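These notes open a run of structures that come right after.
Consider the two complexes below, in which chain A is the common component and chain B and chain C are the respective partners.
Right after this comes the complex of A and B.
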């Protein structure tokens, strides 16, 4: 380049191709739902835990409960657990009523409550959350667990 | 290649500057690489939890001699399991009604006998859980329960929890 005195132009096209392929890969595998999960929790290991069935997926309420019984939603600790669940229940009820006018306040909510609790959480603290959900009309629960120990 | 390019130049062709697009593509790539955090593959146990029902405490004066039923009076359709923790909060002792069960395998056999009997009255399982029992210990009991099948061949899905008094043993 310097010897000939001409301006060298590197061919960018293969690099651009590769970069776009990488971007496509990451776009396909990225999962924004994982933002609702607190990955610091150590879930219990249960052999019969089945993979999440996405067919007929309904509205989901993901509740992360750490070993201190704190409720974390999108990384934020909710101090007023009962108040938060009551709000979510009311929002869910409104959404259902928009589709089904015959839906009554006393009817069970079709939403699914996904409980992600740390394995060391005492039942007393966990039950507080479950009871609050039940009191607000939630009936369908999914208890998250791992099929096998991490790293095995 | 150079000949072709020269021809284009000569013909007044336009050469697209790829640098800007490459910059943008690299920024997108950097974003995706930095935010990429593969979530662990999680499973779940789906439960249909019936509405909370009032629990009647068994009064001490109503207890007969040898009656170890500690807490609840339930309907005929409920099979009652009690789970108590050990010192570390793990699974200690268990009972099916008043009958002690030593191991999870024993619980499995007991439930199978009671739920699959042709004339079984049970439609749901109520787990009385000590307030200090850890979640992983509870899940091991739930695991056994959800493996059970009812007399009609359908899997057991109706479960409910009752919190036991911390002093209960």
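Right after this comes the complex of A and C.
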């Protein structure tokens, strides 16, 4: 039986085209901010009549609070809630002072605290986190919620 | 002058090594696929929370004119909304109407909506869901495609136990 002597090489070009398209797609849709969000939380769903104000430019401190009142940051439960928030406040204060030398310790921090709490979280547990933030100079809060779809 | 063709140059085809590139490309693809999370778009309420002990001078905004008390039942659900000693039942719409009647259509810096503060006094076990519903009613509403802002300064007083 005669053989041609040539090796049968698969054509890689279509596969590479497809793979590059997939990479481009994932690169465009990926959002590294979502790493700080605990997606297991059931956020409250409120009516369409609520104001939605998306401002992502400020320095943010994302706090995930589950229904047991535990604070989760990047998937890790922080036992010492007050201590963690105090550290974040100190870091934020240092960052602000690097830009503005007149910034005093008693001034309000410009950072935004993003509160992502489970809909079943009792208020007393939520209030503990908010109070710790207020004690450390945070004044701007963003309470996260999902939008109820019209007609649902 | 006759130029001789080199025997080695013209015939050989230089083949690029594709394997390392494909390896890296697949690694990148796997990385992006695993770090991709499908999350619903979230909205937020931007509120300013002054501390309760903050001292205000006479020239500043007057003391809190709006005090909303939120009572909860044993399950943590809303039992009653009391605004400035007036029972509004569990109707968020009624609460919003009351807020609109106080703040009015006044908007912009220095307006009633900008300066008025609201204090929320909630029961210990009241669910966060209800707190957000109340903040929704207090902080604004959507008219067409326009967001009408109401009160932006909301303060929480220490939780109470009404049981």
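Operating definition for what follows: the second predicted complex is superposed on the first by the 134 of 152 C-alpha atoms of A that agree within 3 Å, B and C clash if a C-alpha of one lies under 4 Å from a C-alpha of the other, contacts with A are read in each partner's own complex, and residues count from 1 in each chain.
Note that in this section a residue touches a chain if its C-beta (ideal position, glycine included) is under 8 Å from a C-beta of that chain, and two chains touch if they have at least 3 such contacts.
These numbers come from a predicted model, not from an experiment.
Colleague: Would you mind checking whether chain B and chain C clash or fit side by side on chain A after the superposition?
Modeller: After superposition on chain A, chain B vs chain C: clash.
Colleague: After lining up the shared chain so the two structures overlap, which partner does A:140 touch, if you call chain B first and chain C second: first, second, both or neither?
Modeller: Both chain B and chain C are touched by A:140.
Colleague: With both complexes superposed on chain A, which partner does A:117 reach: first (chain B), second (chain C), both or neither?
Modeller: A:117 sits against chain B and chain C alike.
Colleague: For A:27 in the superposed arrangement: first (chain B), second (chain C), both or neither?
Modeller: The answer is both, since A:27 touches chain B and chain C.
Colleague: Would you sort A:91 into first (chain B), second (chain C), both or neither based on which partner it touches?
Modeller: neither
Colleague: After overlaying the two complexes on chain A, where does the chain B footprint on chain A coincide with the chain C footprint?
Modeller: 12, 16, 19-20, 22-23, 26-27, 29-31, 34, 37, 39, 43-44, 46-52, 114, 116-124, 126-127, 130, 134-135, 139-147
Colleague: Which residues of chain C touch chain A in the complex?
Modeller: 18, 22, 25-26, 28-29, 32-33, 35-37, 39-51, 72, 76, 122-129, 131-133, 135-136, 139-142, 147-149, 156, 158-159
Colleague: Using the touch definition from the top, list the residues of chain A that touch chain C in their complex.
Modeller: For this pair, the touching residues of chain A are 12, 16, 19-20, 22-23, 26-27, 29-32, 34-35, 37, 39, 43-44, 46-55, 112, 114, 116-124, 126-127, 130, 134-135, 139-147.
Colleague: Show which residues of chain B lie in contact with chain A when the two form their complex.
Modeller: 18-19, 21-22, 25-26, 28-29, 32-33, 35-52, 89, 129-136, 138-140, 142-143, 146-147, 161, 163, 166
Colleague: Give the list of chain A residues in touch with chain B in this complex.
Modeller: Interface residues on chain A, with respect to chain B: 12-13, 15-16, 19-20, 22-23, 26-27, 29-31, 33-34, 37, 39, 43-52, 108, 114, 116-124, 126-127, 130-131, 134-135, 139-147, 150.
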